[in-house]
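In the two assemblies presented below, chain A is common to both, partnered first by chain B and then by chain C.
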Partner chain A sequence: MISYNNQIYLDIDDILAQEQKIPCVFLYKAYKLGSLIEKKKEIKYKLEIKCTHHPNYDITSKCINCNQGVCSVCMSELHNGHSFSSESLNLEIICIHHPNYDITSKCINCNLGVCLVCKLKLHKRHSFSELNNNMSSEDTDIEKDTKIKLPYWLAYVLAKKSLVSVEIPNPYKDEHSFTNRLLADPKEVSMIHYPYYASSGTKISSLFSDHNLKLFLLNIFKKRYLYIYNQASFLKDNSMITKILGNMTQFEKRLFQEIHKSFVDFENWKISSDKIEKNYYLYPIESNINSAKSSPNKRKRLIFAN
Partner chain B sequence: MEENIGLTPNQIEFLAEDTIITIVPNFKMESLIFLSGEYGPFIPSFPVKVPLWLAVSLKKKKKCNIVPPEWMSFDYLEQQYIQENRVTDGFVDLPDNFIEISTMLLSSCPEDINDVNKIRSLIEDILNRRQSKLNNSLMNHLQSLKDNEPISTMEFKNFSMMEINRVRSSFVSGINHLYKIQSLDNNDNNSNNNNNNINRTQSNSQTASRSIYSNTINFSK
Partner chain C sequence: MFTKSAIELVKEIRQTDSIPHYNDTNIKLAINEINVLYEELLQVLMANGNEKSQPYYLSNSMTYFSVIYRDKRCVLAYLNERLKRIKEYRWSSGNGLLPDQLKEKLSQDEIQFFSDYDKNLTDYNIKVGLDLTVDPQPPKDLYVEVRVIKELGQVVLNSGATVTLNLNTTHFLKRSDVSNLISQGSLEHIV
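Up next is the complex of A and B:
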């Protein structure tokens, strides 16, 4: 929370940083909290769907960019460079016969994936089995000693009441590969998976009363801050900027943009005031209107009647 | 993250235009009365003191010649530049708002100033030198802190308002962030106690100060 001119601004970093997952072990049985458990997406069975473009090949995975099922030939020819996932094979594959509908279940008789319309028209009176991929919304009990990952805001409260025992999450652990990379060269490590690394790190270090973690974070962010400061004051090349920004946490992105903006503003001001304004007093009305439109940042000067 | 802290360069230029410089008019008029004061009767070839905004607009109508201020001579600036290079842990005392005044004068009346191009490049050199000194001292200060030391007061003297404005957001946000990481009391379900004491003073003079708990960054004359 920031108090500024007697108004209070919520620090969004603080709130979003509390989503960091912390592995917890339940010490007691928790009733009706089953919605906390995410069901892993399992490939229950293999769907045999022929690819539309290459009729001899089965669909083996899903292209994430285009949201379509692809066969092995498609992967190399039509979807070159896209990323694929073979896990959630059952989700969101569009039915061949009815392109507006997703495949939602499997026909047991024909061993094919079917959409709603297929069920009604093409596979009448066959039996189906549902593809169960969504998060379970049943409220089952969580048994004692189950290990699940909870967000910080929940883990903190449960830990204070000693209902769970918590463990430091992976990116902050001592010997983990991520921390080792950070120790080696903090500037080059990409924070793309941990956009709130600093804020959640401070909360975690207070939860575990781990002073070393705090010092570690301080050192890293000191170096990154100096790097950002130096780069932001000189860089003009937009592609380099986006490349650097891609590796930063949310806070660092905003910081970079602020610094960059103030330096660029100064440069622009300096350049624009060096320009000698021509014909300023010969055509008082028209050129004034034009100049006001074209440079909205420049304030108008008072004009004495000529 | 606080937004819109500080001024835009145009606003600072506006504030700087109140400074008084001498002109030599070539027309005759009785004294002008403005809210900010009365600017004496204009007699051809008699120097008169007016604010900068008035001088620039008269110049654009070709009604006067501007006498450059005393500090705008090549010798004085060169002396300051040499001094700047010698002193590594402070900044040289330069006149208030020299950046704004110099850019305005150099753009509106280059013919009235001796050695215009030399002065232009010299001022740029001075600015670059000061900025890099600031960068280096920040880097040295942060890197020299040992692990347990909190980030404490930093003081910069003789920094002009335009330069302060340029680095204000970087210093304040960055160091505030580092301070938050290292502060002891991090149980942030009520984090207002950490950040309530941010005082911010907009500077019309040469000082800008911001205190974050016990940290202070002081820019003073």
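Up next is the complex of A and C:
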């Protein structure tokens, strides 16, 4: 884990690649790790409240615009164009019937989320279970067999001491749809959701000592590299370039920019202009563009033969 | 969630290629987190000295330790990347002075670092007898034609010559003398 080369040791991309979440199962009861884990996320899946509008679907996310819990159908129909969060689901969902009240309980008879008023009116004489919003208290022990997602750097340490058992994250699994799409046509797949796919992948493959995953990543990279090289050498249009860059991992972006730059430099060299450019790189110092217009009458030529 | 503020630092600097504002609050949050976790870690280890290798306590101490380590690493990476960019700025601008809009983005220590770095580089350049930041590639002509786009008045050049750079005049000058002024945007190179 420790490298003597400072540049690698403190590399930004390397650090971000290690944020890849890995599903872990605790093998023992663990001492006071409550605040560490996004327990809310886990509880979310146990809510199982049915959607009021579509009784066949569970509520899976929260609409940030309306503060309502929504199912997958609501997302596309009723809340079209809104933004959703699946993380803060059991925080402050308002009741659809009574917008002044939050949903606090679940009606066991109807499997619906209900507020205080619903309890008394719509769901009279039903039985309820409380939805506890404060499950992630700081000092909770983690029970044995709790399944949570931990970032790579933590999962690595805990797995080495056999405190947790780890699973390969979804996008690296053999049968997962993303892997299949990559296999089918590596260059057409957008990496926008996995900006560190390859670099996290190599770390994960060494954690699981999975040699096949490494070969798989290498294979994908070879095919994508050819594509990137071609695009970088031909593309001139900036809007096309940004479009293509959006589908790449961070590493590929850097690669693309380097290749592109070298081709542009080569073109410029062929024209062989030796112009000194104004430095736009970091902090262009403002210049007054209007006054830059030259008037030929005022031209003077001074030669300093020094 | 632990390490949140530290990770935000790293993400923030990843988003841009320039030098963002020095994020004092997040660094303080991260350092605070390290201190709090260190205290707790000590407490757990002191109170359960005999059982500290039990999985029940081991998982706790291992986690806290790696979170502390991780926090530190993120903050260091953030600072290191900033220093790298500050050095890069010194080389690409060829200028020993910080412009105001950049200066307000740096912390006191970084400003100090910049002036020390500048001093080192200038000393070295004087010893070598060559400004290393100018012309990394060999130029084709020794003299270039430039137009003044920012009023400068009378200027003493590196080579010792004095020239009056009035607005909108063009001059034929030694390349090494004016390349800094061009990269700062005061002059324009006419081809």
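Rule of thumb we're sticking to: the second predicted complex is superposed on the first by the 162 of 306 C-alpha atoms of A that agree within 3 Å, B and C clash if a C-alpha of one lies under 4 Å from a C-alpha of the other, contacts with A are read in each partner's own complex, and residues count from 1 in each chain.
Convention: a residue touches a chain if its C-beta (ideal position, glycine included) is under 8 Å from a C-beta of that chain, and two chains touch if they have at least 3 such contacts.
Just so you know, these numbers come straight off a predicted model, no measurement behind them.
Peer 1: Could you say whether A:Lys29 touches chain B, chain C, both of them, or neither, answering first, second, both or neither?
Peer 2: second
Peer 1: Using the superposition on chain A described above, determine whether A:Leu163 touches chain B (first), chain C (second), both, or neither.
Peer 2: second
Peer 1: Based on the superposed arrangement, let me know which partner A:Asp11 touches: chain B (first), chain C (second), both, or neither?
Peer 2: both
Peer 1: According to the stated criteria, A:Glu19 is in contact with first (chain B), second (chain C), both, or neither; which is it?
Peer 2: second
Peer 1: In the overlay, answer first, second, both or neither for which of chain B and chain C A:Leu112 touches.
Peer 2: In the superposition, A:Leu112 contacts neither chain B nor chain C.
Peer 1: After superposition on the shared chain, which partner residues are touched by A:Cys74: those of chain B (first), chain C (second), both, or neither?
Peer 2: After superposing on A, A:Cys74 lies clear of both chain B and chain C.
Peer 1: Look at A:Leu154 in the shared chain and tell me whether it touches chain B only, chain C only, both, or neither; answer first, second, both or neither.
Peer 2: A:Leu154 contacts chain C only, not chain B.
Peer 1: Of all the chain A residues, which ones make contact with chain B and with chain C?
Peer 2: On chain A, the overlap between the chain B and chain C contacts is residues 9, 11, 273-276, 281, 298-299, 301-304, 306.
Peer 1: Considering only the defined contacts, which chain B positions touch chain A in the complex?
Peer 2: The contact residues of chain B facing chain A are 1-2, 6, 8-10, 13-14, 53, 57, 60-61, 103-104, 106-108, 131, 135, 138-139, 142-143, 147-148, 162, 165-170, 173-174, 177-178, 180-182, 186-189, 191-192, 195-196, 198, 200.
Peer 1: Can you list the residues on chain C that touch chain A in the complex?
Peer 2: 1-2, 7, 10-11, 13-14, 18-19, 44, 55-60, 62-63, 66-67, 70, 73-74, 76-77, 80-81, 85, 88-89, 92-93, 99, 101-102, 139-141, 144, 147, 149-150, 159-161, 163, 167-175, 178-179, 182-186, 188-189, 191
Peer 1: State the interface residues of chain A toward chain B in the complex, per the touch definition above.
Peer 2: 1-4, 8-9, 11, 14, 156, 198, 201-203, 205-206, 214-215, 217-219, 221-222, 225-226, 228-230, 232-233, 251, 254-255, 258-259, 261-263, 265-266, 268-270, 273-276, 280-281, 297-299, 301-304, 306
Peer 1: Sort out for me which residues of chain A touch chain C in the complex.
Peer 2: Counting only chain A, the residues touching chain C are 6, 9-13, 15-16, 19, 26-33, 35-38, 142, 153-154, 157-158, 161, 163-164, 250, 272-279, 281-288, 291-295, 298-304, 306.
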